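One structure, as structure tokens, below. Some questions next.
The letters A, B, C and D name the chains in turn, as written, and every chain counts its residues from 1.
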Amino acid sequence: MQVTRRVFTSGLAAGLAAPALLRGAQAQGATIKFGQVVPITGPAAEAGKYAMAGAKIALEKVNKAGGVLGKQVEIVTEDDQTTNPGAVLAFSKLATNADIVGFIGSIRSTQVHAMAPDILKTAKPCMFGGTDPTLTKLGNPWLFRCRPNDSYSGRVIAAYGLEELKLKKWGIVHSTDAFGTNGMKALAGALEAAGVKPVVIQGYANQSQDFTPVVLALKQAGIDVLGSYFTFENDLGIFARQLRQLGVNAPWVGSPSIVNVTALKLAGPALYNTFGVADYAEDSSPEAKAFADAYRGMMKVDPDNQSSWTYDAVNLLAAAINKAGKTDPQAVREAMLSIKGFKGAEGEYNFDQNGDGLHGYNVVQNKSGKIVFSKHIEFKD
Amino acid sequence: MDLVLQLLFTGIGIGSVYALVALGFVLIFRATNVVNFAQGEFSMVAAFLMVIFAVDLGWPYWLSALLSLGGMAVYGVIFNLGVYYPLRHRTYLPVIISTIGASILVTNTMLALYGPQPQVLAPVFETPGFNIGPVYLDSQYLLIIAVTIVLVAFQYWFFEHTLLGKKLQATSQDKEMASLLGIPVAAMIMITFVYSALIGGLAGILVAPILFVSIQMGGTIALKAFAATIIGGFGDVAGAIIGGLALGVIETFGAAYVSVPYKDGFAFLVLVLFLVFRPQGLFGERVAEKA
Amino acid sequence: MPLIECKDLVVRYGEIEALHGLSIAVEAGEVVTLLGGNGAGKSTTLRSISGLAKPAAGDILFEGQSILGLGPEEIVRRGIAHVPEGRRVFPGLSARENIMLGASNRKGLSKAQIQREADEMFDLFADIRPFADALGWTLSGGQQQMVAVARGLMAQPKLLLLDEPSLGLAPVIVQKVFAIIGQIRERGTTVLLVEQNARMGLSVADRGYVLETGRLVLTGNPAELWANEDIRAAYLGGHSRAKAAAG
Amino acid sequence: MTSITDVSPAARRTAPLGLLAYVALAAVAVFFAATHSFDAYITNILMQAATYSVAVMGLTVVLGLCGQINLAQAAFFGLGAYAVGLGTVDYGLNFWVCIGLGLVTVLAAGAFLGASTIRLGGHYLAMVTISFQQIVTLVMINWIPVTHGPDGVSGISRPGLFTTAQAYLAFCVTVLAVVGYLVWRLPSSPLGRAMRAVRDNELAASVAGIDVQRTKVTAFAICALLGGLGGALFAGGFAYVSPDQFSFAESIVFLTMVLLGGVASPIGAVVGTGLLILIPEWLRFLKSVPGLYLAIYGLAVILIVLFMPDGIWGWISQFTRRFGSRSGVAPVRAEATALELRGSSGHAPEVLRVEGLAKHFGGLKAVDGVSFSVKRGSVHALIGPNGSGKTTTLNVLSGIYAPTAGSITLDGLDVTNLPPHRRTIAGLGRTFQNIRLFRTMTAVENVIIGAEHPGNPVQKAHHALDARARAALAFVGLGDRADELVTSFSYGHQRLIEIARALAGNPTLLLLDEPAAGLNSTEKLELTALLKRIAAKGLTILIIDHDMTLVSDVAEHITVLNFGRRIADGDPVSVLNHPDVVTAYLGSEPDAPY
């Protein structure tokens, strides 16, 4: 069997190396390359399309403005198949390309976790969108987050509900996946810090077909405000419809998915008048507005946070390299950390030593299907 | 009590969907002795056809439904010829793998053709539902329950009161003897696949307005329908219906009174208990004792 | 021209050759019995005629035309009904439904017509009339045998193949089954019968063939065959005579 | 995947040479992995391929060798991975301790799953494994205090010696090579032979003295063990585990890997694993259309099932076997000694005593109160017309059916309620009316399985069993064809192999179920002579047959059944002339004269 293994290994090495060498030879030095790990297949393939579009818009903008270090920028993408092993392979494949000076990682926290050891080994900056707070506390100096982490979303939801809406009987609904569970912990923590204990917390598994038991539990607990963390839009759509059908009409402040385009399309009127925390809100700043116009021009749909963070990531990476004046990873990292007050589509970036760029959220409201900016809440810590 | 009634309604509604898909499983299993791991994709494909006809082309709902079901009939024929028929003389294992391959193929073809976004299909009725006392009845679920009842009645009439139904039964019980009587066995199996694709497709069309149309919708439902089939007994049509309804109700009440995140776990726990203590299902399968 | 004629049939099941060049013929209106011990090739002959077994060599002519290579569904449409060994009654269908399906080879019949004919069958098989709506698996062996024969007759065959109708039945039931075969013979249906119960088989036959390990060893009318010592040997072993004589 | 080809007998005979070649090649592969500097991408691919291959080899054992389906391999893989992940990260345990704990866990889980569901075959087993898979996934996601829930476990460390990716990869390849060797050699070990026997023919396996249930559970446990081992290595290799990596979809991937490569050999596992990891990588250029390459993958699965039933390796090895067979080394043959039979070692004058035996199937009384006894050293025949209950009686005697009533005493021991393999150990040997050999094995392997059961007083060393098997084959006249596959023998000779298999087990009573069925007249004469030779050695025989010539030639005593009851019993001449017997065979006088 070892014959097979050896043939297999060396054949593999040769087969994979050949095209890489060819590509390297023709393109060496002509452009600056960014690598992007993005889901093209699998359950998150849809989000992947948006993420690529956001990056592309930023890319065009950077190149039109003269590129990076005087060279045009190019983005190389790899499919992560919406799985963790897929993300690891996709990243390590990009990492073998020595021309790539920085990476755009994933919006899924578990994928960033999976890729983190390879990112550390590659030792080049990687911008990512996963919101698990622990990611920037791994001691991995190359991770830079382009979205506010979940500890902020939880605090913002709590702050908005308690201070703006003045409501105290909280119900929380969350997906039991990584995103939803962390979000729930952050929200419950923020509420408890303000001396409020949620009256009911309900988790659900992704791809549930029915939420009647969840809704009835909320109803029985007599909540007057609902906080939620939904991962997939179809779950959100089913839940929203059943919530309203079964007569729960309490104000609802949801995690970012509540205002994304697909959710609006799927849930329709069931989401009217809900609030959402949004790392991206079109009316929150002129930069956000500019991005929205560019995005609509290209994709013919409204932008959301799936695309805005990759837009910022590419801009930030380009800015940091330009600021450093070279592509040396250490220099780029230092340049990135020194960036202050960078105005992106998502908000104002001030990277802290952990690599967290944003420290607050927008709150928006769904007014009959239109997303209207309500308030920005920023934290100093 | 209100709570119980509300849960019961939802449980029966979702259980009806499981029952319809389970019915498709059972029919194919009885005719070919094979578990079709691509059964859920019947529902998914039909729902996508509905989106194409009713949403994209904007054709009337009834016409779109007819065309989608027509498409499913064709799909059933292709499925039989491509996935089952060439392997009919082999053991169950290659056929299982082949149906798994078909499931991957169809799911991803749909993704390639139609993109990854979940699609919205409007419900049949304008009114989303109404209250009877404290219980809210979703009109789409009511429709699903009604269609399930009609289909069960039709199924009963078709298998018990038509010659074709009898020939199908004969084929599933003893193919060689059926051929000796002049019953065209290959055609009977073809009809079974087409009928199964139609039932699965109908389930898909009905449930699409509730669960939305996505490439994963088939797999999620099929896994539960599987469990329903085991609970009801693999050889039994009535068992599939009751198994599906039972599963829907168990799941809903389990979620309400025990744990929501483990909702899917109840289905499989019940399944394991059945497999270990009553593998022949609720009603029992006549298993001849053989050397 | 014989109604059915097998010429030099050779049939193999994997390594075993079940028939080594068997030739037999049945004239229209005859009842012919195939006799022989276990493994003599009797059932294989019937299975070859009805298309279940594929001969490796030889030919089968039905009404002068070769039916070799046709599927069972086509052969029964041409008028050959096979009531196989073990009866093979559909367990999940009622006796009446089983019988009704016997007409599957006949085109253009209404369901009502088939139902009427099936009910007429219960005149011939009065014993199973009370069980018309009982499911196949609940019937006793004798009842199942009657259902199987009735089902075969529903095809209105020109040739009826009966394989071991007495198998596993108590003597009193065997008598009944053979009484029915006698009635079928009176209706003028041609019958090729395989029977282990030699005396019974010959009692209803015009002629008989005796097979031993895939070959024809004897042929003749029932009285001749019964008188022949070899038939005893075919069933009770070659040495039994000698030993019996010695004893 | 239905017709399971096997390592060719030639390959197994040349084991010492093969072993050398294997060790050499494995050493080269490990050396290559340890020294050649791959880039991170290729290291990751190789790491994934190596760890997955270990798990896929588990499926080679359970599916390829034992013929059982397992759709939960990803769950076992995940349990192993979590043991290492949680153990090293949360509890600060040593990596090796964690691997050990993980293996104990999966072994227990695998054995439990196997034992609780093993009586269910086919589809049901598939369903139970799917359910187990789903439950494991749900627990991983929801039991947050212990499993970290959906976050997964990150920062998993590697053992001290292998902290670099390169060294760890070399370690994984070494483990793969060792596991590959064991899986490669398993088929020719007693356990592997038992598994193959169970796969080829469960009934014959149990009658040859194999505990079918225990063998299946063992196969399941080994499969789980290798799944867990692969998972444990995976956790160290990628430093991060999360529940979505061990989902049902991954179990399907594992299954596809083994089927694609070929279930018959560990090479197939490696080939299949390698391809299924690489194909999506190679097809990345199709990514401009989402879903396209997975669609092609699905289509490929169907096409492989249709056109390459033995998988890619099975397909390739057809050619290697065709061209390589002539160069095989001459078989090393143990000296065929004379066959010793235990024969009449007991004391009671009756070897078998059957009293009031009944077996009812629903309302059908197949056997209805039969009593008879078989004298030591005699040849006893049990006859009767078709459907008289002979074969049912034999099946009750050998433990395939439980009797409705009555008792069976074998050589003084009450065996009425023993399972088939225990009866074989107690001294029963039998053959079947429809020959039941292990079709993928050679003649001598078939017979070795017959000799291997614990009740047989021969040495259990391989050469002793081999010698006994060859002696048994020589005794039936097939000594010089011992190393051929059984499928290459004629029907009559297959019968003789079956008899040799029973004889090799040293039975006190040999049950022969219609040994003359399907034989031509020459073969019948040979069989008669063989039975006389066996009888001459003093072995007691109970024979059922329709061939009266054979029966009257060899039997000293005949019992006749009809309608499940005994109608005559005595010496051949009087029994064959008994009026009831004549009637039973030739038919009663019809009512109406013709």
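The criterion applied here is as follows: a contact is a pair of C-beta atoms (placed from the backbone, for glycine too) under 8 Å apart; a residue touches a chain by one contact, two chains touch by 3 or more.
Per UniProt, the chains are A = ABC transporter substrate-binding protein; B = Branched-chain amino acid ABC transporter permease; C = ABC transporter ATP-binding protein; D = ABC transporter.
All figures in this text were calculated on a predicted structure; none of them were measured in a lab.
Novice: Using the touch definition from the top, list the chains contacting both chain A and chain C.
Specialist: Shared contacts of chain A and chain C: B, D.
Novice: Of all chains present, which has the mean Cα position farthest from that of chain B?
Specialist: C
Novice: Is the C-beta contact count larger for C-D or for B-D?
Specialist: B-D
Novice: Could you please state the distance in Å, as a whole number, between where the Cα atoms of chain C are centred and where those of chain D (ABC transporter) are centred?
Specialist: That pair's centroid distance is 40 Å.
Novice: Using Cα averages as centroids, what's the distance between chain A and chain B in whole Å?
Specialist: 37
Novice: Determine the centre-to-centre distance between chain B and chain C, using the mean Cα coordinates as centres, and give it in whole Å.
Specialist: Centre separation, chain B to chain C: 43 Å.
Novice: Identify all positions of chain B at which a residue touches two or more other chains, and write them in rising order.
Specialist: 108, 111, 115-116, 261-262, 264
Novice: Could you list which residues of chain C touch at least two other chains?
Specialist: Expected reply: no residues.
Novice: At which residue positions does chain D (ABC transporter) touch at least two other chains?
Specialist: 138, 141-142, 290-291, 293-294
Novice: With touch defined as at the top, which chains are paired up in contact here?
Specialist: A-B, A-D, B-C, B-D, C-D
Novice: Which of the residues in chain D (ABC transporter) end up touching chain B in this complex?
Specialist: Spelled out, the residues of chain D (ABC transporter) in touch with chain B are 1-2, 69, 116-117, 120, 122-124, 126-128, 130-132, 134-135, 138, 141-142, 203, 248, 252, 255-256, 259, 289-295, 297-302, 305-306, 309, 361, 391, 395, 400-401.
Novice: If you look only at chain B, which of its residues touch chain A in the complex?
Specialist: Residue positions touching the partner: 3, 6-7, 10, 14, 17, 108, 111, 115-118, 120, 128-129, 136, 138, 210-212, 214, 216, 220-221, 252-253, 255-256, 260-264.
Novice: Which bits of chain D (ABC transporter) are touching chain C when the two form their complex?
Specialist: Of all residues in chain D (ABC transporter), those touching chain C are 363-364, 385-387, 490-491, 494, 514, 517-518, 520-521, 546-553, 563, 572-574, 576-577, 582, 585-594.
Novice: With touch defined as at the start, can you tell me which chain B residues reach chain D (ABC transporter) in the complex?
Specialist: Checking each residue of chain B against chain D (ABC transporter) gives 29, 35, 82-83, 86-87, 90-94, 96-98, 100-112, 115-116, 215, 223, 226-227, 230, 234, 259, 261-262, 264-265, 268-269, 271-272, 275-276, 279, 289, 291.
Novice: Considering the complex alone, what residue numbers of chain C touch chain B?
Specialist: So the residues of chain C in touch with chain B come to 50, 52, 71-73, 76-77, 81-82, 84, 88, 90-93, 97, 100-102, 104-106, 111, 114, 137, 151, 155.
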